[in-house]
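Per-chain numbering from 1; labels A, B, C and D assigned in written order.
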Amino acid sequence: MKKLINDPADVVAEALRGMDAAHPELRVDHANRIVYRADAPVQGKVGLISGGGSGHEPMHGGFVGPGMLDAACAGEVFTSPVPDQMVEATKNVDGGAGVLHIVKNYTGDVMNFEMAAELAAAETGVDVLSVVTDDDVAVQDSLYTAGRRGVGVTVLLEKIVGAAADEGRDLAAVAAVARKVNGQGRSMGMALTSCTVPAAGQPTFDLPDDQMEIGIGIHGEPGRRRVPVAPAREIAAMLVEPVLADLDFTGPDGVICFVNGMGGTPLLELYLMYNEVAALLDKAGVRIARSLVGPYITSLEMAGCSVTLLRCDDELIRLWDAPVRTPGLRWGA
Amino acid sequence: MKKLINDPADVVAEALRGMDAAHPELRVDHANRIVYRADAPVQGKVGLISGGGSGHEPMHGGFVGPGMLDAACAGEVFTSPVPDQMVEATKNVDGGAGVLHIVKNYTGDVMNFEMAAELAAAETGVDVLSVVTDDDVAVQDSLYTAGRRGVGVTVLLEKIVGAAADEGRDLAAVAAVARKVNGQGRSMGMALTSCTVPAAGQPTFDLPDDQMEIGIGIHGEPGRRRVPVAPAREIAAMLVEPVLADLDFTGPDGVICFVNGMGGTPLLELYLMYNEVAALLDKAGVRIARSLVGPYITSLEMAGCSVTLLRCDDELIRLWDAPVRTPGLRWGA
Amino acid sequence: MSATLDQLTDWVRRFAAEVHEHRDELTRLDAAIGDADHGSNLDRGMTAVVAALDAEPQPSAAALFKKVGMTLVSTVGGASGPLYGTLFLRVATSAGEVTELDGPAFAKALRAGLEGVVARGKAEAGDKTMYDALSPAVDALDAALADGDPLAEALRAAAAAAAAGRDATIPLVARKGRASYLGERSAGHQDPGATSVTMLVAAAADALA
Amino acid sequence: MSATLDQLTDWVRRFAAEVHEHRDELTRLDAAIGDADHGSNLDRGMTAVVAALDAEPQPSAAALFKKVGMTLVSTVGGASGPLYGTLFLRVATSAGEVTELDGPAFAKALRAGLEGVVARGKAEAGDKTMYDALSPAVDALDAALADGDPLAEALRAAAAAAAAGRDATIPLVARKGRASYLGERSAGHQDPGATSVTMLVAAAADALA
């Protein structure tokens, strides 16, 4: 295992120390592994917290700041954080208007956030609502399974919902925006290589030099199917087609088109993929209103990418364009 | 070779198409492979152009925009662009105040920019000055060699000099700021893995699982020496010590501390490295005034990092903090 | 024959030791159909549990299992944190403020734990989860005690049932947890949670022998 | 014996063919002590040169070599673009608006090319660059012509000298170009530019035979 780390057990704690030192505009509670914006809680604003396993950076800690999250709870690598962290963060970001939990749909994340919401209700007077993201079309949606994974839409949702909270909307309204974004977004991902969880010490799966995985999530897990490596043009089709098949994106207001890197793929290749994706959307009559290209929700050093489309309207575009000031996403501020 | 590409010969052209499509605030001349800010030339402002081989993204095309570069010329992967591109860009960014060429110190880059400056002088009336960055302490500085490579300082320089040009300074003054930044900055890099040039089809060098390269540049070349892999703490010392030995960074105004990812290293590890670097600087009495952590000057999918320190004063801090609006670096705008 | 507080504590410690010893195996199973962390997750939690018990011996079965459950909830995360945590918290409530558990009381507590897992995770038989090993174990325990077997012998039957349930997860297509994302590709792999929970039941058989 | 315009054009085309055939070898040499692009750089440039000559045959030696030099400068980039470009541009100037070059004129033109490489790249003998193959080749050409050898034979001597110079780069520690960054580690590897320029001289020996 080749990594820029010391003891695998200390990776998350030490990375949080680095984040703290590099970003004076954040405050990090190291005992609880919570990243706060330095001025939390913001009085009168709905507090937004998210969290999840580490290894997906910049998500979520890198999305803490004005216009996005108030706090992020960091779990071990690929392991949901624990309820204690979420309860503590909930208390500390409540500015009197309640707190929204943004949860990616994984059994662990959902259960831990559920326990946190129960505990927060019992221990604190804070109003808590939760939204779960589940945008991954690689996984069949079904009542009898764990359902779809929450992937790329989470990034767009945290930005847009952050802007909605900044406008002073109440908890129910902010949660409604969140549910709308999740309902209008879909994603699909692929991997050229596996990744290595530091504590595991070896790649999660073996992938021959001539094979790739289609339909992966963000935890280094194998995908839905293994196929021979193909040109970017064909890979783009394998990602875009199931997304377009799942939801109609041909509205007049267009989409936010998000080409995400899994952590080990150079930006050069992501722009090349974006070019292919844009061409496919053009052919399908889907208008691109806004774009995001880069590694924003990653799987350690995995090589690969995902495509997320979010159907937009005036409100979502306005909220997307609103100022944001975080280590991972920043504009207008 | 596993990459998100089509034909290796088309990588740069197709990535530029993606960049063009994703960034309406840029204008791309595809025939000449030049990325311009959409509103170039800016009348009365010194025009700033840079350029170099591709594969270092976001540098340089991702640093085009208000507060940074006016244009960037993209070469083939790891190959300097040609004089024709630089002459064309020079003509198109001149707003009457002349043009500064920002050149990284590689034989190819220097010679191509030299020819471009000769041609620009002959063919156009544009005043051109050049600055060469050569901040890599891994390479011994000597009159009898090609000298030091230009690496991380180039990123900081393009930002700071962009702000100086925005203040309306004249060409000589802007060039003087550039030379000052280069003179006060030093870098050192390392690699855990090699990278694969698309046209070559296989990794530039073989590196056993238990070895790393210290003293690498940004072209996937082997470093100064090969040593056994070590904990992040020791790697940080191998990078920071030669930087501190080369220049005194203990001034009262501190440094900009830049921990750069080579392309395939997750942000989690970069923050962990930043933590180690910050601890070493603290021990050495070096104050960190500003920080930058992320993949900004990369070597395709190489895993590894580099550390750059820039000795600051009030002027450089003010210019660093000034608004910038590019795909790769953005704040205050 | 009843299980003393010492024996119950020993059960927890033996489970911790088993998890620690098989940490890499559990992680390898999870790598095949999950995210390669089940061994490190559970080992982190049970190491914290042992440290907590070392620091402060617990006065009752309720206190013991509550401490285990709370510690797991607070240190594990992922799916196994809430699932194992809830399991032990329900065991604690069912066991009550006693220092001994007889066979029926132990069996009742373990069934309460199983019900906690179901309440938390909504797994059903055949979903390819820890349920598929724990549920047959609890049934076997009840059946053996009903047949008049002593607790020690009944737990051996439970452990055998857990192991059989664990092995039977191999051909299953997962419908819950991360493995469900793999669809048909999850078949042919043994479920990591079913594997660890089998260690839990086997540890009981050893500790309460 | 003089070299006709057709032969000079054939020289350029043969060099292009050699570079194309040995493209991967040149890149492999560059991977060892550089950045793995010398083969693709030069092949891209010479492919463009051949396309330009196919599109428009050149009327004189000056026009031919100017076209080659300008095309290389505009399509290669890196170190070899300006170096090979300058080489051919200087050859063009020295050759002049003629359609034949006799031995001394050819040798003078090649020396002008060498001087262009030095003017552009400042390399000295022993720096481990293309200079170390080209310079002995030009010297050998002059010497052989001075001895009265016909051009064809003199070029064979030049090609042999280039090859010897190329091989002699192997033990050198690089002081110019990317390989210089490797310091002592550059020793033991053959310089890619010295290898390609040896092909250039060999192609002249073949074309002007």
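We adopt the following convention: contacts are C-beta pairs under 8 Å (C-beta built on N, C-alpha and C of every residue); 3 or more make two chains touch, one makes a residue touch a chain.
Predicted model, so just to flag it, every value in this text is computed and none were measured.
Colleague: Hey, which chain ends up farthest from chain C, C-alpha centres compared?
Modeller: Result for the farthest chain: D.
Colleague: How far is the middle of chain B from the middle of chain C, if each middle is the mean of its Cα atoms, in Å?
Modeller: Comparing mean C-alpha positions, chain C is 54 Å from chain B.
Colleague: Could you state the distance in Å from the CA-based centre of chain C to that of chain D?
Modeller: Centres of chain C and chain D (C-alpha means) sit 75 Å apart.
Colleague: Can you compute the centre-to-centre distance for chain B and chain D, using the mean CA position of each chain? Integer Å is fine.
Modeller: Chain centres of chain B and chain D, defined by C-alpha means, are spaced 32 Å apart.
Colleague: With chain centres defined as C-alpha means, what is the inter-centre distance between chain A and chain B in Å?
Modeller: Once rounded, the distance between the two centres reads 29 Å.
Colleague: Where in chain C do residues touch at least two different other chains?
Modeller: none
Colleague: Among the residues of chain A, which ones contact at least 2 other chains?
Modeller: Within chain A, the residues that touch at least two other chains are 77.
Colleague: For the protein chains shown, what form does their contact graph take: line, ring, star, complete or other?
Modeller: Contact map by chain: line.
Colleague: Which chains are in touch, pair by pair?
Modeller: Chain-chain contacts present: A-B, A-C, B-D.
Colleague: Which residues of chain D touch chain B in their complex?
Modeller: The contact residues of chain D facing chain B are 27, 31-37, 40-41, 44, 73-83, 85, 120-121, 175-178, 180-183, 185.
Colleague: In their complex, what parts of chain A are in touch with chain B?
Modeller: 2-7, 11-12, 14-19, 21-23, 54-55, 57-58, 62, 77, 192-193, 209, 212, 229, 231-233, 235, 259, 263-276, 278, 288, 291, 293, 295, 298, 300-301, 303-305, 325, 330-333
Colleague: Mind pulling up the chain A residues that touch chain C in the complex?
Modeller: 53, 75-84, 106-108, 111-112, 114-115, 138-140, 144-146, 149, 197, 199-200, 204-205, 217, 219-222, 224-225
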